[in-house]
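Letters A, B, C, D, E and F name the chains as they come in the text, with residue numbers starting at 1 for each one.
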Amino acid sequence: MLICIINPNTTKKMTDRIEMVANKVASNGTSIVATNPKNGPESIEGYYDEVFCIPGILEEVFSNKEADAYIIGCFDDTGLDAVRTITNKPVLGIGDSSYHIASCLAGTFSVITTLDASVPILKNNLLKRGFDRICVNVSSVNIPVLDLDNEDSNASSSIEKEIEKSINNYKAEAIVLGCAGMADFAQKLEEKFSIPVIEGVSASIVLAEGLIRMKKNTSKLGGYSYPNPKKYSGIYKPFSLE
Amino acid sequence: MLICIINPNTTKKMTDRIEMVANKVASNGTSIVATNPKNGPESIEGYYDEVFCIPGILEEVFSNKEADAYIIGCFDDTGLDAVRTITNKPVLGIGDSSYHIASCLAGTFSVITTLDASVPILKNNLLKRGFDRICVNVSSVNIPVLDLDNEDSNASSSIEKEIEKSINNYKAEAIVLGCAGMADFAQKLEEKFSIPVIEGVSASIVLAEGLIRMKKNTSKLGGYSYPNPKKYSGIYKPFSLE
Amino acid sequence: MLICIINPNTTKKMTDRIEMVANKVASNGTSIVATNPKNGPESIEGYYDEVFCIPGILEEVFSNKEADAYIIGCFDDTGLDAVRTITNKPVLGIGDSSYHIASCLAGTFSVITTLDASVPILKNNLLKRGFDRICVNVSSVNIPVLDLDNEDSNASSSIEKEIEKSINNYKAEAIVLGCAGMADFAQKLEEKFSIPVIEGVSASIVLAEGLIRMKKNTSKLGGYSYPNPKKYSGIYKPFSLE
Amino acid sequence: MLICIINPNTTKKMTDRIEMVANKVASNGTSIVATNPKNGPESIEGYYDEVFCIPGILEEVFSNKEADAYIIGCFDDTGLDAVRTITNKPVLGIGDSSYHIASCLAGTFSVITTLDASVPILKNNLLKRGFDRICVNVSSVNIPVLDLDNEDSNASSSIEKEIEKSINNYKAEAIVLGCAGMADFAQKLEEKFSIPVIEGVSASIVLAEGLIRMKKNTSKLGGYSYPNPKKYSGIYKPFSLE
Amino acid sequence: MLICIINPNTTKKMTDRIEMVANKVASNGTSIVATNPKNGPESIEGYYDEVFCIPGILEEVFSNKEADAYIIGCFDDTGLDAVRTITNKPVLGIGDSSYHIASCLAGTFSVITTLDASVPILKNNLLKRGFDRICVNVSSVNIPVLDLDNEDSNASSSIEKEIEKSINNYKAEAIVLGCAGMADFAQKLEEKFSIPVIEGVSASIVLAEGLIRMKKNTSKLGGYSYPNPKKYSGIYKPFSLE
Amino acid sequence: MLICIINPNTTKKMTDRIEMVANKVASNGTSIVATNPKNGPESIEGYYDEVFCIPGILEEVFSNKEADAYIIGCFDDTGLDAVRTITNKPVLGIGDSSYHIASCLAGTFSVITTLDASVPILKNNLLKRGFDRICVNVSSVNIPVLDLDNEDSNASSSIEKEIEKSINNYKAEAIVLGCAGMADFAQKLEEKFSIPVIEGVSASIVLAEGLIRMKKNTSKLGGYSYPNPKKYSGIYKPFSLE
């Protein structure tokens, strides 16, 4: 089976890392294609950046028609609903996938993300799918996405502090790392705190494999029905489905 | 005061009609600029079309810096959150504005929109802002946006049937017409059913005027803080706020 | 247009101040009538005081039939539902109006009120209209209403402390001042904290103007239908609608 | 023990019937005082009538200081919060009491009341105390309160129809009769439908007895703390707690 | 009337204490039978222990057919739903009963229980019946059930600390003691903090008496309908209702 | 990897069918052990039957220590919470797993189960994990579990009718078959209605495989911490973890 994972930003280094994490958890027989848009921002930090990633995500989906499932490699699940309208293959976001996996392992969980500007986006996603009932807290470490692997950012110790707060103050029973760029920290944190620490790339890969193995398709009723064909103008003309 | 209302699709006829409705309700001393993106779809029907409207909406906001408030003239409130990050002026969506006005006039309301594919979008918006508690139903008449003023579409009688159901089965005390293209029907329906019938263009104009008169700005804390400056590539390079 | 704003308590000084704030935000061409009941308590602090204000509020509405809209000038929205049953003109409460305005400007808000005894009243109002989803906290400064402008009460610095907590602990993106008597503090606090600070008198005036301009009426279906005519006894006989 | 049950309207016949029902369920050793205000409406049908009952209810509480508990004999629980501020004795509403009893007997329940105008009032009460989670429907038979025992009103068969709908369409497992005037129908309906049918007078009497036996007081923290002493003017001067 | 109260664990001392508390609040004319299963754990601390109590609880119900109502004497309301399917007599849990009583006395309440492992169980129960809306906090003192009356456990002072937090941080207006073993502390704490402190044994006795006096039965529609007769194997064969 | 799937009832034929369905979806390299308790009911229909399955489920878990994950093969997720306390391996229920898979494929879903008595159980499970937000309806076909494959039961056409209602009246975008015994119908229904139809055995197998591949453990904080060692009496003595 072939899974296409799309890093919505233009930072190739991040795409490579996502690919590596994906390959590590994927089954034998699963091929991973990791890609990213040519146009758009170098990272996603809030509502504005999201806008300029989604056309590129859709382009990557159109260019990878042979894939058996698609994954959006941003924790905001940027463009997830839109992608689900143009294919009947399973489509997953790494945020949503993390919440499902956390829900299978613990009674409650906390999400720790990079910036305050992302917190409302994640909260809306949680609310929409009912995960607000078991997600007890969403907090941020206030470190820009691209500084996460910069040693000076002290990302690791900032995340640790938030985990402690999540466990002690909010009674979190599992931790979700709310940024693709935090994937590398998961295992060490899990060992340190003896608590499930979920990163979304692995979560989405195993869910995608599962949906493919079940031969399941995205519903084409309601919100995810195929777009009506219509005229598109200007630079978006090629996206017309007429 | 100057209010900039942006029709997110490329159909000039719809922009003109929105402008007309806006001018009808605007106070003396309020100037309306109605505009629409050059690039993108001719109408918005579901998640896919939305994607290709938002860059153009943002462009129109950047091009209309002198406005005192911005209105997004699509009932899905497409791009509302993104626009709020690039200005501290008030920014309103015609969907959200309708819900506020309905909430001031009645204990409950129903939303009647064009297509099934839009229903989940509206439901998510309602949920996010708490209006799901007083919105008792969202239904569609299954008529494409651009056919609404086509007499053969029987839009008027289809909407009437949904209003009857809303009142009798769901105990709606007000009706929100869930599409900018339905604005013309409002008055006649209000008279026929003796129930408040709200269309969003008027609702957003009076709210925008009010916010301007109160000298209020969009919050720059949390989700609506200004975007971090960063590198944008390709066709979206001009949108970089570096 | 003529807007009648009713201060539900008997303190004329407060009525005057409400009138002044109202006139400051009102459009040219809007006349404000500010009034208060002759019977009842000098301030509203909790469920008990409310009871004895509502007959007087209704009396003022009956005595100001020529008004185009009515505003209840108490943050508890005392008697709002009852007033809506006796007129088809728009009727607003300054609490509810503040929540609508805050919701247009920010993702979340906090309410800061005078006394603990008012907190549950406000929480019920928020819950009823769905604002509990975006209102992240309701707190009190523990200062009686009539002491707010007494310098010894330190109202200003107490409110500032609550604003800091609202922003830091609850991630409030806007502040609602939960008492008509706090209106004077709004502008200074807004400047100090660079966050929208909403006071309800202005909020309700601009909403009332908007509803009048839209020519909208209160729904007469369901809870706000006109009262059934019936026999009233004793001192309330004049209120019978027989 | 002495329980004071206050019929909030001025219809003595209804007070008598409430007294009769109360006495039927009361334990040996419980004395019932049933009373009603001298001033106010002959029945409560919606928000307007409620206003003019509450001062009288409070008067009756002040006049019956020796009671060990108070019951408000209207299904809207009119004035319940206000009464709880002036005494530390237990205070119950017949609506709220019915919901508690129904919750002890069944997984879900429906409420059947007299008029559409009362439905939003009951829904707000249910929401406030969390009963909206198990109350699956609130409907009305559209019969004025004082016509319930008029044979021409067909109250009985109208209620039966609503019970059938509640069971079949809404999966109600118990029925709450949402009006003190419906108490007489309870037993017959219970037998006919083999489903618990709860009327509020009995429900509140047994709860009041229980609270008294437990020697429990109404909390004086938060919303139910004693009113602040203050100046009252005009006809309400006697209600000042100065 | 005869009330059968079942302590779900095998600790006879606890059964005796429950019986004593029950007798103290019961009316003249009420007989209490307190009993406990022969098989199972000596205390209930979390999901695992619960499993092995419920067959024994059901056995006790079958063995006490003459009772007019049943009470499950564990704060987790272990087996409450199952017991309700095998009898049409009223069946109460001491947890659920406490929430009802607290709701009659205060606007909000907190629950203080023994161990962290019980917190999610109580939260689920609260959620299921809507009490999560007024329960502002569930916390634990981290003392095993059987150590509560061990002086070294400092149970009393630990509970006091949690009550302070509940009042100050969570605005609790009443306290529910979340363990049958805490019943003895209630009165002293109530006096110390001038706040209603509810223990579940008394709460359930007065509710049971009330339901019996009202001649009410558990609904036999939906979830509490009698079990379908069917084959049971092995040690559970006697429980078959064939 | 080795997955142990436990059919909680004693009907071997059902265990065999579960095993067959499980093997069909399992990856190469996954071994399935399907088992069922020796003691207990032949099917689970409501709260009563559940009680007598859970000790046996726990026994099977203890007897299959070498498994890498456990699945509870009953749609009620009977005993799921208890099993999660005795192992740190992933534990899944087929109901919960179905909801996760449906949530990945569609905006909303309906559950169709066998009997009315199971509906409240499923609703509680959905509520607890937040799935009530996207589950638009739970209905039953009123056919006992063991009659599902009896041709006379017309199970297939009854389910079809419920699917039509789910799509048309409730806007379900996916269907969850709410009983292990319905697994055989899934594929045919999916084809007939062009809508995802999820059965829980496959759903849980792919989730279990995914969790194992991610090397994830059940959280041992909060509700799923290991049971405290304590004395167990009588027939349950072997279950003591002392």
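Keep this in mind: a residue touches a chain if its C-beta (ideal position, glycine included) is under 8 Å from a C-beta of that chain, and two chains touch if they have at least 3 such contacts.
What you are looking at is a predicted structure, and each value in this text was computed from that prediction instead of being measured.
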Relative to chain B, chain with the most remote C-alpha centre: E
Most distant chain from chain D by Cα centroid: A
Self-contact between copies chain D and chain E, residue sets same or different by half: same
For chain D paired with chain F, centre-to-centre distance based on mean C-alpha positions, whole Å: 43
Averaged-CA centre spacing for the pair chain B and chain A, given as whole angstrom: 29
Overlap residues in chain F, where contacts from two or more other chains coincide: 107-108, 116, 119-120, 127-128, 171, 221-224
Contacting residues of chain F [partner chain E, same complex]: 10, 37-43, 45-52, 54-55, 58, 79, 81-82, 84-86, 115-117, 119-121, 124, 127-128, 144, 221-225, 227-228, 230-236, 239-241
Footprint of chain A on chain F - complex, ascending: 25, 27-29, 90, 92, 96-97, 100-101, 103-108, 127-134, 167, 171-174, 194-196, 198, 202-203, 206-207, 209-211, 213-214, 216-224
